[in-house]
Structure formats: C-alpha cells, structure tokens
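Got a structure for you, written out below as structure tokens; questions coming shortly.
Lettered A, B, C, D, E, F, G and H in written order, each chain numbered from 1.
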C-alpha cells in the first residue's frame, strides 16, 4: 500500500523522547521520514540525534530522506495562498506533496482583494493537475481559483484571523459553501491532509 | 430629521389589519410610504384598500408615493449581487435606496466563480459613490468588489444556501472577515438597512 | 471549458416558470440538462412541458439527454452509503457522475456498525478510481473506507439524523476530523458537488 | 454505599496545600485513595508528603492503596483506544476501574482507519463484560466496536485533535449519533466517569 | 447475536409503503417487531395491513408480538421522568425495554423542583438494576437520581422546552456535566437507545 | 442614587497604576471601596499603597472601609454553593452583599448529588429574604433550591468544569431553563452582579 | 406555599383534551387558573367548556378567576417594552403579575433608538418596585432602564428578529452582558417566569 | 488608488525581523507608515531601528510620518466609546482615521447605563460627518448613538467582557441586530477597518 509515500509523524503533542523513538523505528524500516508540526526548538534537538535530518522552518516540519524521492505522480501539484500568515500551512502542503513523489509549484502572493496578481498567474493555474488553495479570514480564494480552472481544487482553511474568524471556522464555512464546483475541503490548518489527498488524485490513471 | 425619507413599515409578522392601520396613519402625515417584507398575497389585499399602492414582487415590498421622490443623495448607489436567489434582498435594497432620494443602479449577474462578468462591469463600479453587495453562500463577493474600488462597500449576507451555510451565518462571517478594507456589514437579509446606511453615506457632504 | 459536462440547474427555491425558462434556454444550447433538487410534483409538471425529460425519484432530479453521454472519465466512480435515508444524496451523486461522462457503480447497504458487509465489498472498492462516501449521523463511514483504499475519498455528510446530529453538523465534523488520510469533504447533502469534484479527479491524466 | 470503592479527589484546580489536606483526611478514613488530574510535578511533591503514594504518569493520577483492592466486579472491563494521544484518558479509565475492584484489560493500538488491528482482537472484545472506548478526532471507534459486540459500550470523547475537532466536540457528537445501539457517552476526557459507570454495570447481578 | 431481541424499525422519514415492506420481511423471519417514531395516522394504516399489530400512542410506536416476550434480563429496568411533556420519550424507552425481555417499571411524576415526590419513591429506585432518567429543560433529574442510588443511570435528554433549551441541547449538556458519577448519556429523544443499552447492562452476568 | 453602596472597581484587565489612581479618586469621595477580580499579587501591592485595605483571598477582592457599613437591606441574603471550586464566585457575592449593607449568610457544602446535606439546611433557606445560588458543571442547584423556597433565587453559573461544560455555558443554559419558577440568572462568574441585584431586592419595601 | 398565587398551566404542546382535564382539576381546588401559551383557536374551544374563562389575545393566555385576585404584593410591577412585536411576551408578564396579586403598569412604546420617549416616562420608572423589561433584537433596553433606576430589573429576551438575532440569542446575550448592575435575566420569551420572580421580589418584606 | 492613505502593516503574528523588512520597504516608497497591533516591547525595538518612529501605547500602534498628513476627508470623524477597556480599539480607530487624512475627535466616557453623559455631548455628535462607536459587553451604544443622529454609524464590537460575552460575540450580535437604522458593523476589535471605511465615507462627494 501507498508505495513511495514517506512515513509520517504528527509531531504536535509528542515530546522529544517519543519523537526520537518513533523516528528511529521508522528509519529502521528504510523509507523516508516526514515529521509535521515540529517546533524550531524541537527540530534543532532532533537534528542532534539525527544529523541527516533537515528542518524546514517555513513548514514547521522535519524530513529525513534516506533515498531520493521517486516521482510517482503524473502531473504537477500547485499550492496557492494569499500571503505571509498562511505560509506555514501552505509550506506544509508543498513539502508533503514533494515528499510523496509529486512535481510541485507554489504561488504565495495572490489574494481576492488584489485580483490582478492572481489573474497574472493564470498559466500556472492552467498547467497544474491538482491545486491546493490555502486561505484564512473569509476563505474566498478557493472559489475564485475554482472559477478559473477545471481541475480538482482542495481548499485548506487556516486558523489565521481574529474576532469573528473563530480560529478558522469562518474560512472553513466559506469553503464548504463555495459557489465554484469542484472544490473539496479538509480540516483547518491541515496542509498535510490536503497534500496527501492531492497525491492520491495525482496518481489516478497514472 | 431624516428629511425626504419615506415612512417605513417592517411588514413581517404584522397582519393585514395592523398593516392597514399603520399605512393609513403614515399616509395622513403626507409623506411617501414603504412597507418591506410584504408577501404577494398581503400586497394584493393592501392594494384593494390603497389603490394608489404599487407592489414590487421582486423586492417583496409595497410603496405609496404621495409625491415624487426628491433627489437628496449626491452620487449614485450601486447594488450588486450574483444571481437569482439573492435578488429579493438586492431588490429591497435598490427600492429603498431609490425611495430615499438616491440615483440607483444595479448589477445582478456577477459572481466570484465567474470573474470575467464582474471585471466587465468595472466602469459601473467606478462611477458609484456607495456600493451595496448582496451575497449568500460563502459571501465572497464584497471582498472582490472591495478590492476593485475605493468606495464604501456595504455587505449584505443572505440566508440563501443549505447545509453549512447555516441560514446566512457562513456569508456573514465571510463578510466580517473580509480581507478588503472599507467593507462594513449589516444583518442577514437586511437589504433595507444597507440602503438606509448607504443613503446616509450618500448625503455626507452633499 | 468543461467539455462533455451537462448544463446543471439547482432546482431548490426556483418556481415552475423559472425552471421552464432556464431549461428551455439550456436545451437551445444543444447539450444535456440536469436539474437537481426537483420535487416529484415539480418533476411531473416539467415532464408535461418537456416530454423527453426523465424524472429520477430516488435522486430527486430531472434529466434531458439530447445526445448520448460521452464517456470522458478514465476510471470508475463508486458511490457508497449505509442505507435508506442517505440514498437521495447518494443517488444525486451517482446520477451527476454518470451524466458527467463517468462509468459509475454504487454500494448502498454498508455501515460502520456492520463491518462484514463493507469488508465483503473490498474488490469493488479496489476497482474504483474515486470513491464518494455518503453518510449521516456520526459520519464515520469515510474514515473506514479511507482506511481500506488508496484512492481519493470524497465524503458527503447528510442532514439525516435527529437531536445532536444538528442537521448534518455531527457528520460534517466527523468527516473533517477523519483519521484516514486522503479524505476531502463537501457541504452537507451536496451529492452534486461531490460528483462534480470526482469527475474532475477522474479526468486528471485521462 | 459504594462498598469497596476508593475515595476520589479531582485534582485539577486544587493547589498542593488543598490536596495534602484532603488526602490526609481521606487516609484517616482508612480506605484507598485515588487522585485524578494530578500533574507530574504535583505528584512528585505529594509523594514527599505521602511516601506510600504511587504516581501513574500515563494516567496523570496518584494512588495510595492502604489495603489490597478487593475484587467486586464479576466480569472484565476492557478499555480500548486508537493510539498515543488518547492514552492519558484511557489510562485514567483503566486505573480507576482497577481501583474500583474490577479485573481490567486494555487495547491501545486499534483505530477505524486500520480495521485489521481491531478485527485481530475480536476475542478480547468478546470476553469483556463492559467495554470503554476512548477516541478523539471523529470519534468513530465506539460505533465500530459497538457493531462487533453485544455488551454495554461506554464512549469517552477526548479533546485530542485540532481545527474542527473543537476540543472534543466533534468526537462527542459522533458518539452521541452512533449508529450502533448499546453505546452511551460521558463528558469529554472523562475517563474517570466512564470507569465509574462501568464499575456499576459490572456489579449489576454480581 | 442479540438473542431474544425484537427486530426494530426506525419509522421516522419512512413512508407507508416502505414500512409495509420492511415489516413484512421482518415478520417472515419469525421474531417480534418494534417500530418506533410512528405517527398515529401511520399506525392506523399499518394496523389495516397487519391486524395483529398494537399501536402505542404514548410511545408513538407499533409492536407485533408473534410470540410471547421471553424474560432475558435478570433485574428490573426503571424509567423515570418528570411529567407530561417527556412521556413520549419515556414510554418509548419503557416499551423497548419490555420487548427486549426485561421486567420494567416507571415513575412519571417526579421532578427536581418538587423533591418530596422523588424522595417518596426511594424504594423503587433502590430495587431497580438499571435506571433510565428522561428529562428536558435543564436536565437536572439524572444528577439527583444518580446521587440517590449506586446503579447505572442512563440519562436521556429530551427536546422539550423553548428559547435557550435549544431543542434539547441545554438538557444534554447538563447531563454530560452531571456531578453524580455513574451517569452516562444518549442522544436527545433517544428513548430507544437508552433502553437498548439498559437491556445489555441488565444481561451482564445474567 | 444608590445610597450606602460602596464604590466598585472591576479589577480585571487594569494594571497597578490604573488601580491606584482609581482607588485614590474613590477614597477621596469619602465612601467605602470594593475592588473585585484582584489577584493576590496585585492585592499585596495595593496594600502597600493603601495600608488600610483588606485583601480577601477567597473572593479575590480588596476592600477599604472608610466607615462602618450601614445596614440598609431589611432581610438576610443567603449565598449557597456546592463546593470548593465555586467558592471564589460565591465569596465575591457574599462580600459584595455585605458591603452593600446586607446581613449575609452562606452555605458552601451542598450539591444536587448529595441532597441530604441540602435538606438538612432547610431552615436557613427559609429564613433568607433573597438566595444567591452559585453552581458550575450542570448548574442544577438553583432548580432544587428554587423548589424548596418561595423567595427570589438568583442563579450564578460558574466557569468551573471541563469538556462539555464549555466554560460555564452548560450551567448557564441549565439555569435559564430552570423548571423552578422564581429563578433569574446573571452572567457566568458574576458574583458581584448577583449580589448587587440581591441588594436591590432586599431594599424593596424596606 | 405560594399563598394567593393562581394555578398555572403551560399550554404549549398540550392538546384540548389534556387542557380540559387539567383545568377542571385545578378549578376543583378552588383557586384561580392561568393558562399561558394558548392559541386563539384553542382559547375559543376552552371557552365553550368553561364559559367563565376569559381569553386574552394580546397575552395568548386564558384565565378563570373564581374569586377576586387578592393584592399581596406591596408595590407596583412595571412592564416595559419597545413596540408591537414584543407585546405578546410583555402582556403575558403583565397578566401573570396581576393574577399573582400585584398592582401593575405598562409602557409599551419606548426603545433605545428613540430615547426621548423613554426619558419622558422617568416618573413611572421611579414609582415602580420591580421593573420587567422585554426586548428582542439587540436587547439593549434593560441596560438603559437599569441605568435610570435603582430597582431590580428583570430582563426578558424575545425571539423577535431575523438573521443574526438567532431566535432571541442575540437579545439574551446582550442582557446577560448588561453594563447596568441590578439586571437579572430569564429564558427567551419567558414573560411568565419574569412575572413570577417579580412577584416574589414584590413580597419580600411585605 | 487610495491617494494620501498611509501604507499599513498588521503587526500581529509578525516577528521583529519581518516587521523591519516590511517597514523598510514601505518607507522606501516614500509614504507614511502605520503598523497596528504592535506590542510595547516590539514597538521599543522598532524605534531602535527607525528612530523617526512614534509608538502610540494607547492604540498599540507605531507610525512613521515621512511627510505631514494631508487633509483629504471633508468633515470630521468622531470616535465614541464607553470607558477604559475599549480604549485600545477606539484609539486604533482614531489614529488610523487621522493618518488617513481626516479631522478627528473622540469621546471616551459615555455608556448606555449612564445616558446623561452621552446626552451632554449631543452637539459633538451633531457636528461629525461619520461616527465610529466602539463597545464591548452588550454592544448597545451604537443603537443609542444611531438613534440620536442621521449620520453613518460604524459599530466596532470589542472582545472586552467575560462569561457570556464570548470574546465579543455578544457585542457583535447586538450591533448586527441594532434597532437604529444606519448602523453598519465591522469585525470584533477591528478599529482599523472601521476607520478605513469611515475615511472612504468621508471622501464621498469631497
């Protein structure tokens, strides 16, 4: 099952000792390892134990590639978000998608309140096989992207915002009610899950 | 106070007898009368009593203009919505704005999942002094419009949708979290309130 | 864009006159027509106007196929649900997927409280390219199915249930928190949206 | 009343001084003592005062057994959970059940997205008199277990998860809407309460 | 599995034709039949088809006993509620428990705002093996009953109330937060589920 | 207005400098001063500035009595709660009521799951003019007390609890849905507000 | 207990037969009878059975006064609301208060958006012993009234409004967060409960 | 676009390095800079890098005025709030409005529970072109202000409060349900957004 996929650890709520034990066990299996939700501090400590590890600060993730990632997806997975605050979630999706054997690309500077920047990237949208759109606040970006393409769009709400954003609920509801067909949704801040689903889609009829 | 504004009745939850008494009393004051949230059936009955009344089925409203509406607002109020289901709320806003002495215009066929139609109307957006944007489902239209103009945008969420739209809550939250500055929000389905506020804005520095 | 897709009408909240006008306009374009959320009564009336129409009571939908549906998706889309109450949503998904040019199959009698029936259908799960799982109440079926396959799973919560099901919210939350990776979610009762997204996935790398 | 049950202290929100006073008073009564929701730090301090105390880090609990626990329940209470994160709640249930005079057993590594591991333990399920199922995220495990057995199943939602798990609400709703009959539910993270209820069930017709 | 239990149909949302087909199929299996959530009108129609059926207006349920119910539970199941409005749910629980082979008893006139009536029935509480407590509004009765006995108490919130009762949510939350240990909870209005769980408890160590 | 009432400061969110300025200003007016929501640390610092101040750790409040409290209420105000965790709120109510010129009494060890302790205090309940009942978790105590007396009962929900207590919401809803007439409710943790209202009631017809 | 209070029936959800039985039983006890939440149709039918009954359409209530109401409260209870839509709840409160032996008065035409009307009635506010304030929508009236008087204010939120009023929740929250001390709150639409509590307050120190 | 408006940075969630980079880039464009949601500590550090910066502790904001603010709005923007706790949000609005080229004024000591103070400032209300009303707790102030003037009122709910204020939700709902026409609403604590919208309104027909 899941050939070519890395072993994945959900780092949140696990202490260093637990992380070390799990990583060592997974390495022993011989595959690549991806640990998500790893703080910079924890990442630094883990690098002491596993010198071959790479910590990705933008994605708050740690990877150990015991062998080169084999390309298994057929097309390209594109990750889109509007700006600084959503980057951690977008970068988690991008890193996951790459480690799962996909060609990846990202656009991090487009938002619904500045359409020209998005419209300027239409060719990138057109070339992708699957698009992951990460957005906080009102979560409108997936609808706009979904209206521009005929590809599966996976929407990831983020917990970015304040007040009536309710920790990502406003964005989540916006995405579930998207007026653009072809949009499906994952949990708030779940960049990993979006990339996993996108990887499966990118292998359909490979 | 409120010179040139019509007398307004909130028709919902009032029976015919109550409506008749209130309308008669307001007519006696000499001004124009606007009754919102009036069903077609109730409207027909009221026209029997007040033959000079006009029923507006799209806006679910009834008006009696005892004298011509005097133009009091300085610029134009534009009402924008995405399609069929939101029209009742948009039309209530449009009718209210006109009766309150404003030049009005509307665009009823633009949505975030079909940007080209909206972009084709940029000159209309540019000419308006105040823009009312009516939207249900994910409520993303005000953000997109707000990104295109430097005018006050009043966002009206509608109760249109199903499932996780929660009777307009998804649209309301989307609008409150708009990433476009300059957007303010009124209650779900409150086309009247949006037009009233827009009228006040259109009289500032008249 | 969207070659081979039918024109689709969301029937809910539209009256007969509106339906007739829209259907006539769409027929004039020459393509197939799908109207969802159409009651039996409305369906019967529409068949009087459009004798070539077929009403699908299980899916609460009406179709007019002006020409044979051309197969455009490469693999099979499988629709899974647990029983009687979820069938309307599942059937809407199945019908939509077929009209969008996909080979389709369905399993309507498997639930998480009777695992043997689901496990007996593992080969059907294995043969599908994309799986749509429809579930109300606690919405656990997509997690179980997602754990058995390495295909994209689209989860559709339904409003079936009572009390603390809150009109589908319990199922929706269950699906968003699925412990099986590869599951993405659409709005409550949105069988159409699930099938549309599945069709796009089934065309990736066609 | 409640013969053979230990005295129980809910440690959360109580400071060291308060804990010491209460424990001393309860010891004076002569019975065994169980303190739940006790942090490791607080536990260490309490062991200084009460050297006979045992701190259970997995269950975040402290016990003082002044006399051997007398077996009062007739059958076995089985505690089931899916993995690492839910163990604190499961261990609180297990410890409580043991101290209340029950034979206990646990299975900590089964989840709905990996059914084979659960199915491999069917004989353990069959041998239990009462089963406590602890689960976070979508909370689907009690339904699956409930479908496999004809014993009372007590479901304990945990606050484990993020985003739309809403601190255990998603799991709670999933359990309340369980499609498997025979499942009853306690408060989020209430391992103690589940074990207490299970103990009462295990004494019925003893 | 589940020897001596009747076949059960959840009547809500099923039409007459569906009900007839299912009942006929179940009768053919030879066991007793219980249909819950059956309106008086539907019940009358079903009696025309199945003359041996009995309709229970208080429980909104229909039963067909093809052979006498065999007593399988060892002790007595007691159903308690506070008054008129909660009786439909209490009666559903009582009827279900009886058909599942239990000796049953009920107390329908005790509430937390009139403690003397409850206290007058302490011997009935003491004699029961399992107690089902049905309550709407603030849902406090299970806590009071749970404080008086050392038996498993199954709490059933009802949707009775108005305003901030939110269709049973207030009662549900009250019960989940019960300060009396030994209380477990089922879904709002789920008298059937409570009785099913109680029957399993009443067979433990039979 | 409000003769004989102390000046009151809501200490939460105010820093030491702000507190000092306000207290000094109020002292200058010559009346007594009550500051609620004052941490022990802040209280100690304020005592350095105002040596005549008294800090009440149980109530988390600070008082400065420049002259003896004059008795203005006619009867007695009784404050009831179930145990340790609710005492801070109960003590805030008790202190406020005393400073507002009322004879006060308290019962801090009665709960709905141990009715005998409450029933043993019926004469105290009978002697009070107004009763404040403080309760967290399921918030059932006001209903039980309200059923025993014919006095105004003011219910104060507390934020004590975990999981589905939702920071006091479960208790609040329980109290709003109380089946005992004569119960009114204040905000979660608002011991001050309850005592203020009770003081007004205790002066009616003085 | 409760001398001089009428017997009260909560009419909602009771059918005619049930109402007749209960009313007859209460009449037999010799006291006055009050039935709240009685529709006009049901009221008319009950008058056929009980010709001495009076139906109060504004309060949706029915009364049978077997003997004159004895004045038991010492001061006056004043009921305040803003306008037409809240009158049913206000009138229920007024009628209940009168039947419970209080002198009553009402002001039905004051709102926070037209302060002059409220300020014009300050003497009426000053003369009351207890004030019941009924308000829907944003529920701000109790705060304003509470700021003008030093009497107990009982706030009754109503379910009047639409959109984000959420059936009275917005008003309820507004009242619970009132910045005017001395305000206590009852359930949404609970005019009866407010009057019952006000009656108890009006008897304190009688 | 937006001539004369400063460049604005949302400081929350950005670290010092990010802030420095962005500010330097904006300064290079030559305009004025406004950074909101900047803590005192971060503000002090930024002043080291940008000595010309001014930190505004009341507004938690930092400004760098490279050239004098040019007056672009025609009338005055008035910011109103009730007291100490809401000042940070009010001050953010005031500072933003000034930097956007408006004449500004503020009233910080008026509340609905002390109407006389508000009524004493009616001339200031009358002179403003646009009024921003900032309020926490029950959020009633905008309704009262809106009832006194015929100007656009922008309501800003704040997260101030506790218990059932739910972090500003109670105030937000109160404002959305305002019974005074002409009130529009922005997100909780969004002083910046209110001032931005007010600035656009103050330029209409300039």
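Just so we're on the same page, a contact is a pair of C-beta atoms (placed from the backbone, for glycine too) under 8 Å apart; a residue touches a chain by one contact, two chains touch by 3 or more.
Just so it is clear, the structure is predicted and the values come from calculations on it, not from any experiment.
S.K.: In the touch network of chains, how many steps separate chain B from chain C on the shortest route?
M.R.: The fewest steps needed to get from chain B to chain C is 1.
S.K.: How far is the middle of chain D from the middle of chain G, if each middle is the mean of its Cα atoms, in Å?
M.R.: Comparing mean C-alpha positions, chain G is 48 Å from chain D.
S.K.: Suppose each chain is reduced to the average of its Cα coordinates; what separation in Å results between chain C and chain D?
M.R.: The separation of the two C-alpha centroids amounts to 41 Å.
S.K.: How many angstrom lie between the centres of chain C and chain F, each centre taken as the mean Cα position?
M.R.: One centre to the other, that is 57 Å.
S.K.: Between chain A and chain D, what distance separates the C-alpha centroids? Give it in angstrom.
M.R.: Whole-Å distance between the two chain centres: 36.
S.K.: Of all residues in chain D, which are in touch with two or more distinct other chains?
M.R.: 163-165, 169, 172, 176-177, 187-188
S.K.: So, with touch as defined above, which chain pairs make the list?
M.R.: Contact pairs between chains: A-B, A-C, A-D, A-H, B-C, B-G, B-H, C-D, C-E, D-E, D-F, E-F, E-G, F-G, F-H, G-H.
S.K.: What residues on chain A touch chain B, complex-wise?
M.R.: Touch list, chain A to chain B: 82, 111-115, 119, 137-140, 143-144, 146-148, 161, 163-166, 169-171, 173-180.
S.K.: Looking at the complex, which residues from chain G come into contact with chain B?
M.R.: It is residues 84-85, 160, 162-165 of chain G that touch chain B.
S.K.: Quick one: in the complex, what on chain A touches chain C?
M.R.: So the residues of chain A in touch with chain C come to 1-2, 74-75, 129-130, 150-152, 154, 172, 176-177, 181-188, 192-194, 196-197, 200-202, 204-206.
S.K.: Over in the complex, which chain G residues touch chain E? Could you list them?
M.R.: 12-14, 18, 157, 159, 167-169, 172, 187-190
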